[in-house]
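Each structure below appears as structure tokens.
Each of the next two complexes has chain A plus one more chain, namely chain B in the first and chain C in the second.
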Partner chain A sequence: MGYTSKFRVWRGDDTDGGLVDFEVEVNEGEVVLDIVHRLQATEAPDLAVRWNCKAGKCGSCSAEVNGRPRLMCMTRMSTFSQDEVVTVTPLRAFPVIKDLVTDVSFNYQKAREIPSFAPPVGVEPGDYRMQQVDVQRSQEFRKCIECFLCQNTCHVIRDHEENKEAFAGPRYFIRLAELDMHPLDVKDRRRGAQEEHGLGMCNITKCCTDVCPEHIHITDNAIIPMKERVADVKYDPLKRILLKITSRDD
Partner chain B sequence: MSQIERHTYDVVVIGAGGAGLRAAIEARAQGKSVAILSKSLFGKAHTVMAEGGIAAAMGNVNNNDNWQVHFRDTMRGGKFLNNYRMAELHAKEAPQRVWELETYGALFDRTKDGKISQRNFGGHEYPRLAHVGDRTGLELIRTLQQKIVSLQQDDYITTGDYESHIKVFAEFAVTDLLLDESAGQPRVAGCFGYYRETGDFAVFQAPAVILATGGIGKSFKVTSNSWEYTGDGHSLAIRAGSTLINMEFVQFHPTGMVWPPSVKGILVTESVRGDGGVLRNSEGRRFMFDYIPDVFKKQYATTEAEADRWYTDPDNNKRPPELLPRDEVARAINTEVKAGRGTPHGGVFLDVSTRLTAEQIQTKLPSMYHQFKELAGVDITKEPMEVGPTCHYVMGGVEVEADTQAATGVLGLYAAGEVGGGLHGSNRLGGNSLSDLLVFGRRAGEAASTYVDAAGAAAQITDDAIARAQAHALAPFDGDGSENPYTIHSDLQQTMNDLVGIIRNGTELRDALDRLESFKSRVRNVTVTGGRVFNPGWHLALDLQSLLLVSECLARSALAREESRGGHTRDDFPAMDPQWRQVNLICRMTDKQVNVSKQAVPTVPNELLSLFDVTELDKYFTGAELAGVTGGAH
Partner chain C sequence: MSVNAPGRAKIDAKTLRTDAWWLQPAITAAVLLSFIVYATWRAFEDKFYFVNELNPGGKVDLISPFYSPCLASHCVSGSSMLGQPIGSWWTLSPALLILVFPLGFRFTCYYYRKAYFRSFWLSPPACAVAEPHTKYTGETRFPLLVNNLHRYFFYIGLVFNALLTIDAFIAFRGVQGGFHMSVGTVVLLLNATFLWLYSLSCHSCRHAMGGRLNHFSKHPVRYRMWTWISRLNTHHPKFAWISLIGVALADYYVRCISAGTFTDILFF
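And then the complex of A and B:
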């Protein structure tokens, strides 16, 4: 069953590094992360890689496999032909710490900028009542395992470092959508989405949806509906007139 | 030495899973400054792997449920070795802890009347597990993570600094607890550890430390546990002078994936059975009917027809034996496979495709569908899964005071969640772990805060203590080059799997202890190459020390307990013995050696015992213990 695969792994840090070739044993059913582990146990004990569950649930082992953002634990070696060179590189949108490990703190900063769940006033714990059909929309976004593959692939920041400050990224657009669609959240998140978090910079190329290992419909179910909600509040001509009148009163 | 980073906090929480985060939230609520030291990135802790749900007697689906029923189920599941007070607090407080999560933003699946839905699970008399499909752990960790962020946002508004009261130190591993031993009983002064990212060291000075480090599953080869589960907290506690309790009890979850080899051990949630999945051997027989032990005969169906009726009419039929507690099901599967009635890959069949529609399976068990499809090429809506036992949970842990989670022997040290011992007795029920994290995480956070109020600032940490901790952490760079940490780890896992696994005996356990001795000397020769920046070889070399120490505690306790109970089965002592029910085994370090001693199990007060039928108690307790007990409510 086993065969020898040609594996190419990026090694180095933020200042210096390159691709290193390995020839490594592959057995039936194995995934890319198994092969990285075999390299650690044999030829490269200090090869840096992040991983936790190896079951597609924690979102730690994100990398680019043959240029495509993937979870290494969910990428089976059988998806490549046996003579194909498999190239594993770190996420490109974030600074490399070492080898396959990148500094993803950008995402944690953005998480902090999103206003949290605003619970309904006067509803005691235990008295929350919501229908399944109403929670389902937000539940889809709460499937997110924070692998940050969507953040990594989004060309708004992948190719434009300078956009990072103004742009929260797809992971946080689904967080905004999740809260806006939460049946009991009392905060209006529409203006903030546009004015604070850069929703308008997304031009819905759906790359994020494409790479999501949880198959969340990021663009169709979160970003586009949020854009529509923003348009409703910000660009409705009648409302604009009304707003002008009322703001004059202020 | 001068470059070592120093921090001062009121409370340091080691571990950022459910228990650690809930503890931090509580300590913050009590006005304390809190550091959370997380071995992984924030939000990646092992809690994320929990699938089925969180047990709490809310009675949303069956209003006969209440804390007394939950208490009874927990004690039964643990074969009455549980710390009764923890089981009582847990059953009473779990509903409040779950409801609280909704105020943090959690979105559980709903009943028709809009309440939190609850599902059936092994050993629970009524549908009791609040859940979100089969990704409940993810919901729990994310909710707590987001609550921490929201508290940081509040602090930002008042202080201009997100991290003025709670700071998460991501990818920070603790290698030593620092103690003040100047006045009799040792007390916590802080801890020492390294940033995985840079290899730099840091010292935290704090009067109270809460261990919330989870379990020990990486001691075993076939395990559902993630890389972090290396027994760090267990090891820190016993090395500091505290004690570990019930370490012989390890839960082997009955259903892990068995094929392909690289995914062997990955969890298949008990919800599959809770939602109707049945177990069959290679002959097509629903074998669990052959394995209903006497103590459970009254609660489980003895015919397929009755078991099948239970799914639609639970009030008038008994539950199917697939939903027996995990220890029973795991042993049964093990026996079937050994008797030659296993599947081609050495498991048994778990089939949900005949009872639920493809759509129902994809709604109720989406992760399982996804996991089998992507990792094994199996479509569970059409064909059965192949499953077998996998190391899942350690019931044993730091011996704690039930109400406060204060660790024995070291002032200022607390333990909550899987690293704490006692609640689950000899076997944990599914769903009781997530509730454990919340109930006792909160209690630990509260008690640590109260302790800090009384104890004041932490003792000064000497340069000498820091130098020792640093030397300990750097030692693997100075080995003689003869041993590779990955090889030793793999050998250790194989040994534990083969000799201290689901079925044990004295000869094998003694053999295991001999081998553990040889691993100890090998670990001293471990050498790591490369630098200190994110070096997994170095990290594993340090983790190996904890793994070895907990493995030894486990094997020694297993050898000492000469009976079979829950997550400890001896084929040389196959019976459950009421005399042993009165005994907890305690591990402590004396002169750098692990010693095991016997200690009496706390006596269950009559008002709790009387919640049971005396004829049931007869099967567990000695006649002398039951004299004067007049239970009979059920």
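And then the complex of A and C:
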């Protein structure tokens, strides 16, 4: 029960490019990545695309399908009507290398800027002991497959290239939250989140959460809790005084 | 700079989305604007906010949530639960004295921030739709930096919830005394309930209850509370809308009874 679909694929490189029309066969059960592969096998053998697992777990095949940031391997053709034109473009927040392949090294740069896990002094790897209730929040963030769809969609950098330097992005806010909530991490990450990683630039409009293929509650469970933790140390004078008076530490 | 920064794939369209991405922000803007217009009109109206034995259609004492607590000297007699500490120099509507608190609570609410940043400020109007601004600093500067004080508005909001709950209970006492129940009492009680659900599902509440802890295992009670609030928290947007519309409807009901548009219906 195949049909012929109208496909528009962005082709080009960092100097120029545009949308190219194709008519291509689609069979039942196929996903967008299958169609891109069919184009490679037929009309466009030099079409560049990055992929690995075809199972939504490697995070390589991120692109934009009809303007929506998605994993190509997880976007079923059955979600489009048969006469709909399906437009596939590379991620629009990162420099393009060729066709559907972008240079996502911005994200690796940001990953390096986050101070790594800091266990208490004297506790060696292998001696880490913690309770499930204490790590469960951090575990949600470990589901991340680093597809960078959230980074690509976040308007703070998507619409403002100049913010890239100051803004770590949602994927790294969940990393900060993961570590700050971790029962064995002793480093205080609250001030850094605001002052070095740009948490304050996020206006919690939730697009990162909307596009995350792992359904991580990026905004509700990481960004907002981190904003509250930042407020504890930076914007809550009453709490500081109260903690002083009762000589309690937070 | 925009989504067409140098080096990126050259695509002129601000978005290639083909769905009705503008619908959600348009609805949000319409509802919020209607509320703002209604609330402003009512806040300045300075009458029809209280029902007692002088109202022919009134069966029980009712006060509009926009006007409680009524703190100015010219508040209608009987409407000032907390007395009239403001004195007579205040000649404008008494609603204006207090509305800044619930307004501030909602303005700094994490959910409403999403709502107005998307629908009014269009940053962004919808996901993967380019915003119109050339510069963007988010919530890093005044005035938006004030959003970080949300928890203070949350605490004040709790006081208001308590007062409005008391108003609802006072309403069960009929204008002639005794224990009565009318549509008006139910309206005030529902309004208070929605406001409690909205406040308790607040992200600052979730944080205060236990979100700020790193070792849940050492605080079993707070962990329990955090779990409970977290469950409510996932419904926060819903409660935000229900309570917003609820408070306007409650006010409108009181206004109708007070102005004699129709009569409160007494159940017993």
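Note that in this section the second predicted complex is superposed on the first by the 234 of 250 C-alpha atoms of A that agree within 3 Å, B and C clash if a C-alpha of one lies under 4 Å from a C-alpha of the other, contacts with A are read in each partner's own complex, and residues count from 1 in each chain.
Quick note on the criterion: a contact is a pair of C-beta atoms (placed from the backbone, for glycine too) under 8 Å apart; a residue touches a chain by one contact, two chains touch by 3 or more.
Just so it is clear, the model here is predicted, and its values are computed rather than measured.
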item	value
Which superposed partner A:P95 touches (first chain B, second chain C, both, neither)	second
First, second, both or neither for A:G56, with chain B first and chain C second	first
Contacts of A:K6 with chain B and chain C, given as first, second, both or neither	neither
First (chain B), second (chain C), both or neither touched by A:N163	second
Which superposed partner A:Q131 touches (first chain B, second chain C, both, neither)	both
Which superposed partner A:H182 touches (first chain B, second chain C, both, neither)	both
Shared chain A surface residues [contacts with chain B and with chain C]	131, 182
Footprint of chain A on chain B - complex, ascending	40-44, 46, 48-49, 58, 95-96, 99-100, 102-105, 107-110, 113-115, 117, 132-133, 135, 137-139, 142, 146-147, 149-150, 152-153, 162, 170, 197, 226-228, 259-263, 266-267, 367, 370-371, 374-376, 484-487, 490, 528-531, 533-538
Chain A-facing residues of chain C, complex	1-3, 5, 7-11, 13, 15-19, 110, 113-114, 117-118, 123-124, 127-131, 133, 135-140, 144-145, 148-152, 203-204, 206-207, 211-212, 214-217, 223, 233-234
Chain C partner contacts - residues on chain A that touch it in the complex	10, 12, 14, 16-19, 64, 66-69, 84, 87, 89-90, 92-96, 102, 131, 133-134, 153, 155-156, 158-163, 180-183, 198, 200-207, 210-211, 220, 224-225, 227-232, 234-236, 238, 250
In the complex, chain A residues that touch chain B	13, 27-31, 34, 40-41, 45-60, 74, 76, 97-99, 101, 103-104, 108, 111-112, 115-117, 119, 125-126, 128-132, 135, 138-139, 142-146, 179, 182, 185
